[in-house]
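By letter and in written order, the chains are A, B and C; residue numbering begins at 1 in each of them.
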Amino acid sequence: MRLGELAARVGGRVRGDPDRVIEGVATLDAAGPSQLAFLTNARYRRSAERSRAGAILVGPGTELPGRDLLEAPQPYLALALALEQFHPEARPPSGVSPDARLGDGVRLGQGVSIAAFAVLGARVLLGDGVVVGAGTVLGDDVEVGSQTVLAPRVVLYPGTRVGARCRIHAGAVLGADGFGFATTAEGHHKIPQVGRVVVEDDVEIGANTTIDRGALDDTVIGRGTKLDDLVMVAHGVRLGPHGLMAAQSGIAGSTRVGARATFAGQAGAAGHLTLGDGVVVAAKSAVFADLGEKAFVAGIPADDHRRWKREQAALKRLPELLQRVRALEARLTEGEES
Amino acid sequence: MRLGELAARVGGRVRGDPDRVIEGVATLDAAGPSQLAFLTNARYRRSAERSRAGAILVGPGTELPGRDLLEAPQPYLALALALEQFHPEARPPSGVSPDARLGDGVRLGQGVSIAAFAVLGARVLLGDGVVVGAGTVLGDDVEVGSQTVLAPRVVLYPGTRVGARCRIHAGAVLGADGFGFATTAEGHHKIPQVGRVVVEDDVEIGANTTIDRGALDDTVIGRGTKLDDLVMVAHGVRLGPHGLMAAQSGIAGSTRVGARATFAGQAGAAGHLTLGDGVVVAAKSAVFADLGEKAFVAGIPADDHRRWKREQAALKRLPELLQRVRALEARLTEGEES
Amino acid sequence: MRLGELAARVGGRVRGDPDRVIEGVATLDAAGPSQLAFLTNARYRRSAERSRAGAILVGPGTELPGRDLLEAPQPYLALALALEQFHPEARPPSGVSPDARLGDGVRLGQGVSIAAFAVLGARVLLGDGVVVGAGTVLGDDVEVGSQTVLAPRVVLYPGTRVGARCRIHAGAVLGADGFGFATTAEGHHKIPQVGRVVVEDDVEIGANTTIDRGALDDTVIGRGTKLDDLVMVAHGVRLGPHGLMAAQSGIAGSTRVGARATFAGQAGAAGHLTLGDGVVVAAKSAVFADLGEKAFVAGIPADDHRRWKREQAALKRLPELLQRVRALEARLTEGEES
């Protein structure tokens, strides 16, 4: 494909030779003369200058003298679109494996693909084009929307609902019982967990992530939200649309999170909280209190991100401060005694 | 069911109309006139006042004028019992799927249910009423006590023992090798892990949780202990009875934990420690030293919870303190010079 | 086996009776007169003195008067070798289960073992002696080197490469999509993840651990590296040889880690970093900046380990320091006023 055509398809423009032939996408270090590389992080500028790439995808205003550039207003989006050109998604052929087992009353849309050793419980409902990977288990009354892809070895407990165009990776478990017990002198008495997990459209869920069913209400993952691997969403949590939860982050029971929230890696939030739209929780931080809209917090307990940074900087000076205060005390005592 | 009958079954008493018909349980926000809601957390009092619920379950002494109340001495327990009335547990019918594979010498109790694509190794022993979910794999010589439910896609490595009335959720792995290596100049030489995992009665284990087999001794999960999802219990750990480990918490090798310990979410403990009965480790905290009975700790490293709170409060004032000390130094110098 | 023979096999020497018969290995507390116990951690010295063990494995210079000792220069290695004597690894018999499903063009080495309900995609290549556990799923074009053992319920996504003599535990997922999205006003647009996961020789990967495929470049786990359970390695990470990552630790995208690095439990590193050979990240710590060779860091953000310790010690004195500064201010004001 010529660079000019690629630029048109990804919503960018060429600065340089539009007739250059591009056959793929690679990193700055790995790309050769027929590949497109990309520079979106200033940290890698030197690699861009050294790169053997045939062309480089950049954001507006980036200068790289002597290089053929593909400039796009949203370079990450253009990268995604360029990769889609060269790596169209491979879906398995439609059809139900003779080694899959389907319960009574299962209903399948057009073009569904069900792999070997998948198990569908009674009354499972799959929309058009749904892909069910090998060994995936769908409990009774599960519903999955059209074009959703379930990787191998996913488990959806009974009653779980997944929207359209979702992608659930291997090992993810949706709908296991929430962690709810009535503790008495005799021990912990299980509280039946009778809510469901409801995943809206366009959600992606990472490998080995767990989302528990609600105790009474449903646990809800809002439209367009993306969860990374090994994430935990506890019973009754409601995540707003277009959120991001990076790997190993978790949210405790009944917490409600607004739209476009971001949890960085290994972050957490306690239960029964309300977090506003657009909150950002820094990596390794833990939220123990409600947060207003667009709060950007860090630390344990999480506090305003800038304040946290100042405190951490001050903490580094604390051992020295102890000595300074001791010196002050000595000087003052000396002064008083003299 | 009439409210009076329900109250009798859950060990409570009616304050209001005992003849009101109750057909289910719901949250304060969702409940309608034929449903029981519950108020156990003062944070939700306003929701209780607004609720359309037919009756509200409360603890002793809670007043909600004009409402029919079901008062119970242990309201969470009463909630659990009420939910059991309306949602009796659905167990699959007994029988062994023709698509399951059983090794030589397997012995099955009465009323066992084994789903499709389950694999039982040689000499596996299942007690009466055990449920084995689809795709679950039990290694050679595994023993599972009566009435225990293994969800789909559980793995019990060879030799693992699980007690009676346990519940193990999807994706949990018990008995994988502990993380033990002899490090030499050439690299890390694996130390064979020849202990087992032993899970006592009435234990619940969450989705995708991992419990490693002991290096030499067994890893033991005490009677009645409940583990949430994505929890890690390392080789040789001994957890006492009636403990709680919330999601994404973990305990490193050979640590011994007393009875009724609580690990909140994302908490951890280092290896080779002894933690007393009733310890509580706050969310996101990390225990690096032995703890006495009933210690309630927080922080990294974890320290007494109140002290940690004081330190965190003081930390917020540290940037200002630095300025105050600078001012003191200036005043003192000025005073000395004058 | 006589103690003298055992000593010869594990590279040690006897201090005491070489003719004592040893039939197994056990902990100090559990060992009887025909078992070898070991003392490698001074914390357990009292247990060694009380132990009924027939002989005790120790490092050079350890004295235990009146006991038969097996002294080895590297006692952990000797322990590993002794355990191998008494617990030789049991591999399943070779052969392909009639209940496994193999895609077109699969090639199998000599002595391969494939268990029931395993699924191998097209063109999968298994070296000699590879073991594939029950329910394990290998995508198209996966390659696995000789003598590698895949436990039950492992998933290797298409194109994943695993070296020789590796061990991958149950529930591990290699090659799921990295967490890469182009965020626009409309939401998060998926960036196709077209790199692979490449695992070099002699690697061990714990239960339910996840390693994502690279966005463009491969994610690489270096030779001899060992990952514990529930570990996360994000897209494009390159881990050097002979590293260790303990349970629930994680590394974000594109970070490069040198040889012999250690991540303790629940530790993490941010993305796009470069960490030198031999770095050690303490438990529960988070690395947010590049690290030089052999850096030993702790804290959030992680800093030099000794400095972190001093700061934490100082933090414990901070509430008292606040009072001392208040007192100083009062004294100074009083002094100035008088």
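Quick notes on this one:
Rule of thumb we're sticking to: contacts are C-beta pairs under 8 Å (C-beta built on N, C-alpha and C of every residue); 3 or more make two chains touch, one makes a residue touch a chain.
As the structure is a computational prediction, the values presented were derived from the model and not from experiment.
Simply put, chain A must spin 120° to overlay its Cα atoms on chain C, rounded in steps of 5.
Mostly differing positions are employed by chain A and chain B in their mutual contact, as under half of the interface residue numbers are shared between these two copies. With centres taken as mean Cα positions, chain B sits 25 Å from chain A. Residue numbers of chain B whose C-beta contacts span two or more other chains: 117, 135, 153, 171, 208, 230, 248, 266, 300, 315, 318, 321, 325, 328, 332, 335. Chain C makes touch with chain B in their complex at residues 25-27, 29-30, 41, 43, 74, 76-80, 83-84, 87, 89, 99, 115-117, 133-135, 151-153, 167, 169-171, 202, 204, 206-208, 224, 226, 228-230, 241-242, 244, 246-248, 265-266, 283-284, 299-300, 312, 315-316, 318-319, 321-322, 325, 328-329, 332, 335-336. Residues of chain C that touch chain A in their complex: 101, 117, 119, 135, 137, 139, 153, 155, 157, 171, 173, 176-177, 179, 181-184, 187-192, 194, 208, 210, 212, 216-217, 230, 232, 234, 248, 250, 252, 266, 268, 270, 272, 286, 288, 300-301, 303, 307, 310-311, 313-315, 317-318, 321, 324-325, 328, 331-332, 335.
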